[in-house]
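Per-chain residue numbering starts at 1, and chain names A, B, C and D are given in the order in which the chains are listed.
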Amino acid sequence: MAIHLGANQYGKAESRVVRIYRDTPRHQIRDLNVSSALRGRFEDAHITGDQSAVLPTDTQKNTAFAFAKEKGIDSIEEFALTLADHFLEASAAADGARVEIEEYNWERISVDGAGHDHSFVRSGAGIRTTVVNVDGRGDDRKAHVVSGIRALTVLKSTGSEFHGFLKDKYTTLKETDDRILATSLVARWRYDHTDVDWDKSYDEIKSLLLEKFATIHSLALQQTLYGMGEAVLERHPEVAEIKFSAPNKHHFLVDLSPFEVENPGEVFIAADRPYGLIEASVVRDDATDAGSAWHAVPGFC
Amino acid sequence: MAIHLGANQYGKAESRVVRIYRDTPRHQIRDLNVSSALRGRFEDAHITGDQSAVLPTDTQKNTAFAFAKEKGIDSIEEFALTLADHFLEASAAADGARVEIEEYNWERISVDGAGHDHSFVRSGAGIRTTVVNVDGRGDDRKAHVVSGIRALTVLKSTGSEFHGFLKDKYTTLKETDDRILATSLVARWRYDHTDVDWDKSYDEIKSLLLEKFATIHSLALQQTLYGMGEAVLERHPEVAEIKFSAPNKHHFLVDLSPFEVENPGEVFIAADRPYGLIEASVVRDDATDAGSAWHAVPGFC
Amino acid sequence: MAIHLGANQYGKAESRVVRIYRDTPRHQIRDLNVSSALRGRFEDAHITGDQSAVLPTDTQKNTAFAFAKEKGIDSIEEFALTLADHFLEASAAADGARVEIEEYNWERISVDGAGHDHSFVRSGAGIRTTVVNVDGRGDDRKAHVVSGIRALTVLKSTGSEFHGFLKDKYTTLKETDDRILATSLVARWRYDHTDVDWDKSYDEIKSLLLEKFATIHSLALQQTLYGMGEAVLERHPEVAEIKFSAPNKHHFLVDLSPFEVENPGEVFIAADRPYGLIEASVVRDDATDAGSAWHAVPGFC
Amino acid sequence: MAIHLGANQYGKAESRVVRIYRDTPRHQIRDLNVSSALRGRFEDAHITGDQSAVLPTDTQKNTAFAFAKEKGIDSIEEFALTLADHFLEASAAADGARVEIEEYNWERISVDGAGHDHSFVRSGAGIRTTVVNVDGRGDDRKAHVVSGIRALTVLKSTGSEFHGFLKDKYTTLKETDDRILATSLVARWRYDHTDVDWDKSYDEIKSLLLEKFATIHSLALQQTLYGMGEAVLERHPEVAEIKFSAPNKHHFLVDLSPFEVENPGEVFIAADRPYGLIEASVVRDDATDAGSAWHAVPGFC
């Protein structure tokens, strides 16, 4: 019987890199969770145990911290691209590098109505993410950036219907023209290229996603997501496609009739499990080829 | 050998009560996690299994949902007091009732610069809490309210020292006059009475805690907490005492010297475990007796 | 207005101390999570920021690791007592020390039917715990040990009833003489003294708790817990009292009648929230005074 | 600009189906977490909001519970295949169905040395998993089964080296010929066909993975994983390939030299983050085509 090593990658996950910019008294903070991985021709490491081609995961971690000072962090996308290219230079056996970064949001603490110079509070909605995959070096280099947001929890208390669905023997769900719609959204969008103002693009897409969630009259979570994705593609030519993973966080109307209390859409129980899970993508017809852009991006079909 | 039933309580934990106010097109949302418990003369339930004195936990849950409509939710403190008194009326064997409520914060989604009428995003810093303990009924009734905030994650990137501490054989920590100070604060304050504008008091105390964290030059997390508590007691006569539980979320300066990179307080690693844990309370000298106010309040000495 | 520092303690939480005994080829492993805290006369640290009486939490951590080698780990109770006494010696301002330890269970991996010498798998039910509180030194020393188990998840598929309970306007629960009973048990028992064979006592009490859960015909979770506690006190004179915190992990019978399928106690949905929460203690009539034994023990009334 | 709906799927996640077999006094329990999803021609649901082709996620949930009684649960693989085929019959618009099931392990509580008839304790190492993907119906039907185990936490206290690795400017890691090797393993193996004794295959593969982890002298986690996978493929012709995702749960030797204490591989700190993350697959040369077998399988490259 003959067997072989299949797909593989290795790296250091979840280095919590915190960078303070303190060149002036008004400090700035970038608070990151950095994961890197290399893939390629690492058969010896797996089969014979020879590690001579393996740049240790510990070195990958060291590099992330050192680069936070040496290169700085303009945006998580730029930082991830810089790390990925460096790892490919440092590791001859690697064919590709993957760098995933999450960024946590800090706001300045308000003191007498103004933001404090060096005191911050974790706040805001959602966690910013990026996954960068770079294949090859030099002329063969292909860089892919998939950015996004997760843990963006939104709810609308009306303006959501669900009816006209397929029914079979096991269907008991009642149709409704007014329900709560809520989700903890994960959205990830693939950039068409890397000539992007990353922070600006992120801020605008986040705002647009929220605005569309609010204003689309929903006939189903699927239709809401599609409308959100459509708007992003229409206004952001730099985005080739967008994917959503959206748990339908059910809020069930509570039956208060046993207590002779009416409940016209006012009291709900927020349920944990099970939950609907809607995954969908919206794609530009003339999108560039995705290549390895979605390599090892978690949670998506 | 003789044994007996000792302290006991029972109830329904974590009912996720969501109340929508939709009397006008501009909806309002109160999103709660309600836990209730009764304590008292329940020997039969434990020893012989006779449940005739036991109001089921399922009934406690039903009541929380029904009251969300029948009584409404002006503030979590008011709602908890109403529930506690009701349970003591409904359960003759109970000597005391405890109701704990957490409230999650939703902000209106911004559309064209204005908050949307019925679409919301989970946001803001910290989770509001209250624990109400009521003993007895009628003339013997004593009601205690301990409100607070948890998961209030704050950080200052300078203005924090730690030195001059006790040293022994096992001490290797270096003294510092400039470090990152960060914590995920839990604060709980006991109200002196129940004649309080609950929402206003909460909002002001939260702002004050943040402001003091920002402006106190810290010689230790202990001293920062004391200053925060002192300010609350000074400005809020309705508060009898305040307790803090504050993990010292260590941010260690990364040694970049092996790479010949200087690191003057700019690159840190955020560590998970172990962490320092500082617990302290600040008390008004003439505070009323706490009674059962701190009964089963988690996480405090 | 006059205020003062109230109850306080500080220390290092969750040092993950792993001790390998490798004196022979057949290794042994003790895998601990150690938290320590000191309480006492620390006003200066809080009020003026003077840290001269404060043994750093970092030093407490160092000591836990050093003692794992210097003193060894015979049992978590013995190790916690040793650490607590040491910290009181090292810190003149401390009046009391609290050491909490959790221990994770590893079993030897089975190879050809025998346990391997140095390879282990995390297994077994429940996590062993202890909380030690020591007040004072020398002749005034009082040592308290509260040991226990948490995350002991048990279920019986019959032999559990619940009926005859109090009903009011908000009661809709149906009575039942056959239901699933399940809980994720936390049990903590206070030892009467410290002259105990700790590992043996723990093993026997754990087995007894399981056996009694299995064999008691349950009329309510309260009654099951009381019977379990009673058995422990009857057979373990070294135990003064025992406390339980037991979420009633509801398994609701699923209504399959819409599909014309009968369901005589065979298909259940395991629910997350809300859940009943039963807390109770069983106490020996002639138990010694608890003193500070339950100081800062989480999750109990 | 033209856009279109891309990959999509929808379903109900995490239905906690508990099935008790009580035909004899010796009950049996199957405790499952069932997630199902459909994919296919659902453009209308997304683009126009027309739900007429959409079998509600609520119906999918109902079916899982009803089938637990109607069809029974012989193994999670069989149950998942049955559900997937049913959903494809019930939903004309679906081209494929995915059913993921986790199963939690319960052992009988020991009473007087024998396992109790109807009382159980959650125990054992690891959680059994399966992901079934079925494409098409009738003659076009293709069924794929990927089974596995997760949360299998293993450790060896010696017999693990790591040296001879690639070094660059950012490398500070010291080489070692004796370290702790620990991981919380996720393994998933793709079956070549569906004519399998599922429970037997799972039990044997689990035992084999543990045995190989124990007995392989490790030169790197990569090499250990390859050896484990190789053994599975050699002894299990029904397995086409196996994939691993293995966090390297670092146990760092603690430097006790400041306290003049030697530490020859005896005291370690178990670290949380960052951690190495090794992902690898071992594939039979003549493996059948994977088709959609790995569709939406989480956590693998």
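In this section, a contact is a pair of C-beta atoms (placed from the backbone, for glycine too) under 8 Å apart; a residue touches a chain by one contact, two chains touch by 3 or more.
Predicted model only: the values in this text are computed from it and were never measured.
Undergrad: If you line up contacts by residue number, which pair in A-C, B-C or B-D shares over half of them with A-D? Let me know.
TA: When the contact pairs of A-D are compared with those in A-C, B-C or B-D, B-C matches.
Undergrad: Counting C-beta pairs in contact, which comes out ahead: B-C or C-D?
TA: Looking at C-D and B-C side by side, B-C shows more C-beta contacts.
Undergrad: Centroid from C-alpha atoms only, then distance subunit A to subunit C, rounded to Å. What do you get?
TA: 38
Undergrad: If you average the CA atoms of subunit C and of subunit D, how far apart do the two points sit, in angstrom?
TA: Each chain reduced to its C-alpha mean, subunit C and subunit D end up 31 Å apart.
Undergrad: Between subunit B and subunit C, tell me the centre distance in angstrom, where each centre is the average of that chain's C-alpha atoms.
TA: Chain centroid spacing, subunit B to subunit C, equals 23 Å.
Undergrad: Where does subunit C touch two or more other chains at once, residue-wise?
TA: 15-16, 62, 66, 170, 172, 258-259, 272-273
Undergrad: Spell out the part of subunit C that touches subunit A in their complex, as residue ranges.
TA: 169-170, 172, 258-259, 272-273
Undergrad: Under the definition above, what is the set of subunit D residues touching subunit C in their complex?
TA: Going through subunit D, the ones touching subunit C are 15-22, 27, 29, 31, 62, 65-66, 68-70, 106-107, 109-112, 116, 118-125, 152-159, 180, 207, 210-211, 213-215, 251, 254, 256, 258-259, 261-263, 265-272.
Undergrad: In the complex of these two chains, what residues of subunit D are touching subunit A?
TA: 1-16, 35, 37, 39, 42, 45-59, 61-63, 66, 90-91, 162-168, 170-173, 218-220, 222-223, 225-226, 229-230, 233-234, 241, 243, 247-248, 273-286, 295-296, 298-301
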